[in-house]
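Each of the next two complexes has subunit A plus one other chain: subunit B in the first, subunit C in the second.
What follows is the complex of A and B.
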């Protein structure tokens, strides 16, 4: 390849599309460098935030320019407003996780540098996944996201649970990645291409999807994506991994990874045969049931939220099924998924963040028992957690409601009404356990003789992140216009 | 603008209370009372200002809110649109007037966490007013669901022993219905591209009855659970019994009316074809509810539970009247909504007052209370008479109109309902006899003190309303009649349309054409 080719490949449009990724990559290197230069621990947060801010600025610039979606880098990467909004979602997810991690690892402070490097690398992977128009690009993004997450999950190396989480996530994740590669290879064998372009032309798509080998490939790829978003029956790893991982990392997995995998799923929707809409809707409803009924049995709040995350993946998958059943215009599925995930990043991010705060105070896991009487001890924390629980449950005036409304509208428009009704009824089950958290905080007092943990002053980073999350949840709930117009 | 102020004034008050220090209970109570009094004044002003003959939809306030994306059609623009019309007028005024009474009643029984209590009360008022005023389907749903949360906290924190069970049951029951309604709202918005209630009223009545019935079913489920209609009523006695007095008053006075109001505005006015088709079934549910609720109430030994069951019975009248679909029935149903708010509100207040003194609600614990608490006895007997429909008091007019209207539509269910009137008098008077009269044998009861000035004062507005409604119901019905006439017009049109449709079915050609529509049901709805 001569330099001229490289210049054509990385033309102005490509550079615009890649600018946020480059900003993050440079930031990652800078944070890494902070580990060896004197005074690096002071510069590190600045470098971290600056690189996130630069990436966000580039995403906003793409939105302001309003250029239509185009394919760059020889048709392997999609740039445009949708990718940019997804980018902002990932950046927000990383920012919240990082802010909440600031005081989480007090005992493990020496390793904070490595932690930040790994964390800053994840949004690069997410953005690659969301913009990928080529299976190999997606795979690079997937690995760029997953490998840091494997290490982050095991980051509290003095805790057996954390190591278990990391190992489980790694083994199963590696298996899923292998599935993906195998599926991609099978597709390549039938189509001679790794680009999603082959599915763009309806006639060619029909021919491809008629070949059993290609279908096996598609099924393998779908399985590995379903693994990442934790859809039934690929959801069994979630509770253990989410429970064992450090809580800010759980927040990142729950929000960012899920968003990235869904972004790809919606981009690559043409890969799935339209006839699968019904079965995917069924899987979605089963996922919701598995998540919600699983969560109902939990007393550890973090584990409960892990199960609730499975249910939320099911809800989004119903939207995906809806867009498969509809016409190619997809019935607003991408908007719905974006809105849902944007609200979810703020809601679940904030909820896990507050759990991280409480964990630090309790010196242990947050159980429903330990939440009793929280409204009296920490009224503001309890109020914020209530807000997040109501948003997770999709009650109006929170972002969760409108996200749920939009996703279910996609399903209703696509005539998946029985599934939509089953879905909304399952979300009544969900309220059953979200309310339990509120009951513990507001309506029960600590059991007699139990040690009430001493309240410590809330770290500034936690306060900041929680205020932003709460503002986003309410803002998305009552002033959805701003966000909807951006999309 | 006035309506915007009316809706959000309580929220402003709630915010101010949030800023006060936790210990300043007096300030919080005062702020709550001042806020609700201001809202009540504004509500009364709007009521008098409402012109019966004028524009049916007055004080309209609307701003574009957001647009729902849709890749299929133009985005649906959702408005923040609130307005007052004949269907909501009485409910809004009742909500505004009842709240200061409720706040004043909490002086006696809410001692812990006063700040939170007042905040939730005021948030609830905003939720209820918003539900009645909303003229946009999405906005309506928004307020409808929001108003669940405050009561959830009110029962869950300040309730009785089984409060957690009661409050979760209440929440989940109501939510299940609401969410099915949400699916129907999504389908309606998708099909018609607007969420303006008035536009939809013009659009939906033209749909084939089969399609209307799908929507009707979803809406009626949500509203029926809230009312509560017969098979869904079990949450109500629990919630009422465990709720603090003020919670019960709001629940009976206003929150349940959100269900009957929804039935009137959406199930009847918006989907008249389906309402005509479903009328016999709904009347049956209403009439059986009257009888069943009365029998339930008869069997109760707990005073509060008894009144809760009587609520099931009284709301049966409302449903029976509304779904008679006759002018008398609908006006009667509407009046009965207000009457039930006043009478049952008073009953719950009185039970609360005696519970504060005696710490028991068991009927057996009382006897001869009239000798030690004569003023209480006067108020109680007055309220009971108003509740069982003594001519000259509010209950009579509503019940009479409902039964008259129902008789025109279906003599059978009217008679069943009528028997409920008798049972109603039986259980209410028996409870009164057991509690107030006879010998005062229990020494505990001899120590009871009679009502104080605050307690009498807070009941006066409701007593005045009860007499006023009983003697001059026209003052209230004349305001709402033009709107009810419009509803009636819709019903007549729907009857004609249904009649032609069923005639059309008999000719072979059209029968074949309409048959698929019957089968496809909800799918057909979405496909359009």
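What follows is the complex of A and C.
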């Protein structure tokens, strides 16, 4: 790069791509500044929402303009409709987590402002990850997402489980980050570049992937990304961390982190040799088995949903494996993954959010036992939770069903049929534990002598987020064409 | 000559790294880390990266280690021996041995891979552009190609600071750190 090129670096296309990031960054600063101005606690939610809305508006503008995908900033960052839809997914995931967190903590809980600052910084990291066309951009995005999450996981300092979750996530996450850097360094040594461009040219790609050093680098990078999306054998941290973290933060980790890491994985697929499709499909099926059978054994709904998240990562990974067929359109895997994650953000976000509500009422417990008889106590909450469970299980007419259908059809088209069949069978196993939640709510009554929690009025933020989540789940289920056309 | 110097420095860096783990007192660990940092800085110099070597000394050896020393002294970790002693107790457990074997195997895989590496895929550098090892070249990379991650890093540092403060600051006066499962 020459000095005179610096002047053209931030051209109109680059600014369009960066506009949502800038809006969120300014919002983060504004939320931080609300801590020192008088009346800041009133302005803070407005600043938070305004910044999310501005970022979403810029993403929608990119979609409406319909400009083709391009690389900006000297080929380090992608802009285009796909990145914009991912951006909307990230913004929705942050918005849901934030709305559910509004009444989750005690009224006089300290550091509410810091909580919002950390939460608003995570979608910036996610967008950097999803748009990254360069390993360095991805790494900074990964850290910008992870470091706030480490802190948020330990945010309930009055609970030892929360501190444990934060520490565990931090130590393992730091290790994964080190793996990523080591892998990136090895790739740099063999290719002289950190850009994903080096894999664009098939002949050059073949030369690179022929070298053991590059393969070790790719393996290290893949393991750190697999750690973030909780794929077998890097999934062991998930149940403890997800259970210990404050529930809205768990929702953010489960939906946002997973979406961002998969967005990068789909961009970086060219790094993986096509011959690995079979082994990645195998890992995907093992992940689904580990998640589903682990979830069957749980009595705590939050922990159960953590295991179910592992299974969902496996399902999505099957789609990724299916797209390793060398054709540039990737067999529709990107659309399938976008659809799956959009439905998953609404479903898992809503499920965790309602758990957060029930957790407050039940004095911090989220066991199946505490859900018994919920249909009588809170019929609307029980109905919404049922909808989310059905969508997680992939019942038709919900967004979860179509997501699963699209992902499995990608795998079938790539001739990974045995794995797809195993995957579908494992999804049936998953219904076993999703239905258990519904049975507990509708068909069982609380045990004799158990204290029935007093019902408090549902906070407005929780109602709003749940209604939006439920509408999205149903909308994605019955109007798929409309959503697919937007993408 | 350069080769011999490199091997000597590499051994010093490795010994320092071992010292960080094995030293009995935290002070000993910090001093060992200092040795590693200096050896790495000279290795950077040998590779022609003057600025990086300077930054390594200034930032790591200068700022970060001094911060470590402050923390250790503030925490006043009790009976710190004034002597530099090594303790091999961490290596006695079976788990540590298994972990060590795995690490060794991975290092061997890395070595074999590095032995067989070719650099055919590395493109020729544009001769007219300033070299990356000069300060000008580094600045051009940071403010040019990598201006997005460079600027995002500033936000990352800010957010990290906020996160650390939210975690580490005492909530109210007389607050005890968490002991039980749930406080009333």
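FYI, the second predicted complex is superposed on the first by the 475 of 487 C-alpha atoms of A that agree within 3 Å, B and C clash if a C-alpha of one lies under 4 Å from a C-alpha of the other, contacts with A are read in each partner's own complex, and residues count from 1 in each chain.
In this section, a residue touches a chain if its C-beta (ideal position, glycine included) is under 8 Å from a C-beta of that chain, and two chains touch if they have at least 3 such contacts.
Remember, predicted model here, so these are calculated numbers, not experimental data.
After overlaying the two complexes on the shared chain, residue contacts for A:442 are found with subunit B alone; subunit C is out of touch.
Contacts of A:297 after superposition: neither subunit B nor subunit C is touched.
Of the two partner chains placed by the overlay, only subunit C lies in contact with A:25; subunit B stays clear of it. By the document's definition of touching, of the two partners only subunit C reaches A:159; subunit B does not. By the touch criterion defined above, A:148 reaches subunit C but does not reach subunit B.
When the two complexes are overlaid on their common chain A, residue A:409 makes contact with subunit B while staying clear of subunit C. When the two complexes are overlaid, the chain among subunit B and subunit C that reaches more residues of subunit A is C.
Residues 1-3, 5-6, 9-10, 18, 25, 28, 32, 73-77, 110-111, 114-115, 117-118, 121, 124, 128, 134, 136-137, 139-141, 143-144, 147-148, 150-152, 154-155, 157-161, 163, 166, 186, 189-193, 198, 204, 207-208, 211-216, 364 of subunit A are the ones that touch subunit C when the two sit in their complex. Listing the residues of subunit A that touch subunit B in their complex gives 326-327, 329-332, 335-336, 390, 395-397, 401, 405-406, 408-409, 412-415, 417, 420-421, 424-425, 427-428, 431-432, 435, 438-439, 442-444, 479-481, 484, 487. Residues 64-72, 141-143, 145-146, 148-149, 152-153, 156-157, 163-164, 167-168, 171-172, 175-176, 179-180, 182-183, 186-187, 189-190, 522-523, 526-527 of subunit B are the ones that touch subunit A when the two sit in their complex. Residues 109-110, 112-114, 116-123, 128-129, 140-141, 143-149, 152-153, 155-156, 158-160, 162-167, 169, 171-172, 177-183 of subunit C touch subunit A in their complex.
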